[in-house]
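Both complexes below contain chain A, partnered by chain B and then by chain C.
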Partner chain A sequence: MAITTAMSTSFKAELMQSAHCFNGPVTTTCTLHTSNVVDTVVSMVGVASGMTVTGTGTAANSSVVSITSNVAFVIYPAATSTGAQSLTFTGNVFKIALIKTGMAGTYGAASVNYTDITGNTDETTGAGYTATGVAMVNVTPVVSGTTAYTNFSPNPTWTSASFSTAGCMIYNSSLGLGGTSGTNTSGGGRCCGVFDFGGTQTVTSGTFTVVMPAATSSTAILRIA
Partner chain B sequence: MPIATAVCTSFKQELLQGGHCIAQPAVGTWRINVNLSNTVTISSGSALISIGMGISSDAPIPFAAGTRIAGLNLPSSFSVYPAGTSIRNNVTPILLPDQFKIALIKLAPTGTYNAGSTNYSNITSVSDETVGTGYTVGGVLIIMGTINIVGGGANFTVAVQPSWTSATFSTSGCMIYSTESRLAGVSGRAMTVISFGNQTITNGTFTVLLPTASPGLIQLA
Partner chain C sequence: MAVILATDFGPHPPSTYAQATADQICPIDASLMGDQRIKAEQLRSAIAERMMPLFTRLQEAERENLTGDNLEHILSEHDANDISDEAVLEIQQAAENTDWGQHYKRGEVIEAIKFELARMFVTAQHVERLWHADRNPDHEQAQQYRRRYHQPIEENNGSLISESNMNPLSLNQ
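Showing the complex of A and B:
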């Protein structure tokens, strides 16, 4: 079967449902109150509902539930301490999974979830490659002209690698949106796009790098024009 | 200054930031069990829920006003904040996505409205909002329709075309904007501006014929 480079159609619908947050991490000073209220936030730039929150005084798996003003938000679970802290806000975690050569499935605009790959046992295997792929580092979306775009940096790499691959899927490994996506009912794994590498790519005892296109309004990996 | 119909560029960026949750307020076909804690268990079905969405239910409502989805542990449960206010099983949830309003722009506006428009405050800062009988500052809420996948694209429609009754005013266009502040605490973020040409209503009902079917109000092709 084949891979056709495309943005997933389901991803387009999910963008309208706040299912994906490509914001890069931002760190700012806030005041905690051993409650769900966090205030005197120095800067809210780059902070959105649903982003994860880490830092001293936050519980595990904390998220921004709602932003109540330009200096305050609701966190869940409640903070575990009081006082000023430096907190880091992180968008969704996007991963890149490699697809093996001679894949059984068909990958294109109709791909919806990482489980499309695993359901066909189409993920690359080999030295240096771990199932589910690698997490990428978000770069907060920007605009240029009338186009909005986002990028990942640095380029994803696999070291001490020996495997072959024909393409990849970028997907959201965070629990951004409920419901069923492919065979996934946990809310994770939603596909953003699939990319054909133009033929079999093989690495032997080396570093395999997927080079992201230049971050411009006409070439970036994800663009809304 | 002119109005040029366009999707606001900032809105495109905000979509990539999870800045807008556009959906129809939905009575769920799924069922949940609510208690006095923050954890809600799903007793049947599943739904397109995300952190930050508002949630209510059929009566008697076991949630406080303004309750939002606070965490996902799907498919079995999710968290809400604040905690449930009573114990009820087999509750029919009602999801409350972001609210959007449509504000009308007066004839011969001072400002320029186009893809570069970013916020409802663009209108108010130059006193460009329509005034007249039957029109209230801020405009009216839009009841969103469904998100549709058509071919290789996605779009969303409106369920009800917004209207103003007993109206006497003039307008040359509109801005559709979000009343939520889920991104950086800033409300009023603009989705689109639409040029009407000059329109006048006198003691009647003024209706903006927004799309109720594909290709929809906004389309990602």
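Showing the complex of A and C:
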């Protein structure tokens, strides 16, 4: 079958449902109170509901529940200590999974979920490649003119790699929206887009890197015009 | 337009990064013909040439840091600020006395190319760290670094540069 480079149609709707957070990591100083309230935040720029929170005094798997003012937010689970701390906020984890050559499925705008790939047993296999692909580091979306775009850095890379691939899917591995997504009943793995590599790409005991297009309003990997 | 970098039997060499970087920051419009096209291609080659020693230096420095006593280095933030500034100056010098000399001195252009340079330098550091992790399976910090990127999600759920047609996406496509 085939891969046609396209933004997933379901992704467009999910953006309007607040299902994807592309914000890059931001660190700022806040005051914790051994409760769900965090205040005197030095800067709320780049902080959004649903972002994960890490830092001294936070519990495992903490996230921002809601933003209550320009200097305060609610965290869950409750902070484990009191006092000023430097906290880091991280958006959703987006991953890039590679699609094998000679794939059984058809991938394009109608692709909905990472499980579209696994359901067809179409994920690349080989040395250096772990199923589900690699996690990328978000670069907070920006605007140029009337176009918003986002990016990732560093470029996704596989080392000690021996495999062939024909394309990839960028998807959100975080659970940001409930309900079923394609064949995935957990809501995770929501597809952002699929990309054709223009032919078979092969690497042998080496390094495989997908270089993201330049981060501009006309070329960035994911853009809303 | 994105490119796939595939290098057999090891990390990408500096020449691969240098060429990919030059391609990224010196795009040549398909409509450019004749002498102008030749000049643009010469500029792109000159930029690639000037990037090569920078990638060589960065790669060597990263390897030295990884093999030193500081086991925590691999978990430190990627740092490409200084070398990116240096690279911007190299690009401006390469473009001096060409039709694009002023272009590479514009504030918004400098900002854009600095991002691309930093991303490629950081990628080179990232590749070195991943290889270090591959070669040191008992090195806890190295494995921690690898897991940041290469960990399955909890599912509840000689170098080759080849162009692909991995076109950027737009909602209004």
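Assume the second predicted complex is superposed on the first by the 225 of 225 C-alpha atoms of A that agree within 3 Å, B and C clash if a C-alpha of one lies under 4 Å from a C-alpha of the other, contacts with A are read in each partner's own complex, and residues count from 1 in each chain.
Assume a contact is a pair of C-beta atoms (placed from the backbone, for glycine too) under 8 Å apart; a residue touches a chain by one contact, two chains touch by 3 or more.
Keep in mind that what you see is a predicted model, and the values were worked out from it rather than measured.
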Check whether A:I224 is in contact with chain B, with chain C, with both or with neither, and answer first, second, both or neither. both
Going by the contact rule set out at the top, does A:Y76 touch chain B (first), chain C (second), both, or neither? first
Answer with first, second, both or neither: which of chain B and chain C does A:V26 touch in the superposed model? neither
First (chain B), second (chain C), both or neither touched by A:V210: second
Contacts of A:G46 with chain B and chain C, given as first, second, both or neither: first
For A:T180 in the superposed arrangement: first (chain B), second (chain C), both or neither? first
Once the shared chain is lined up, is A:S66 touching chain B (first), chain C (second), both, or neither of them? first
Tell me which partner A:V37 touches in the superposition: chain B (first), chain C (second), both or neither. neither
First, second, both or neither for A:T5, with chain B first and chain C second: second
Looking at chain A, which of its residues have contacts with both chain B and chain C? 6, 12, 147, 175, 186-187, 222, 224
Using the touch definition from the top, list the residues of chain C that touch chain A in their complex. 1-12, 20, 24-25, 27, 78, 112, 115-116, 118-120, 122-123, 125-127, 130-131, 134, 148-153, 155-157, 162-173
Chain C contact footprint on chain A (complex, rising order): 5-7, 12, 93, 95, 128, 130-132, 134-136, 147, 153-160, 167-168, 173, 175, 184, 186-189, 193, 195-199, 201-216, 218-225
Give the list of chain A residues in touch with chain B in this complex. 6, 9-10, 12-13, 15-23, 36, 44-51, 61, 63-74, 76-77, 91-92, 109, 140-143, 145-150, 175-180, 185-187, 222, 224
Within their complex, chain B touches chain A through residues 6, 9-10, 12-13, 15-23, 38, 46-53, 68-72, 74-75, 78-79, 81-82, 97-98, 115, 147-149, 151-154, 156, 181-186, 218, 220
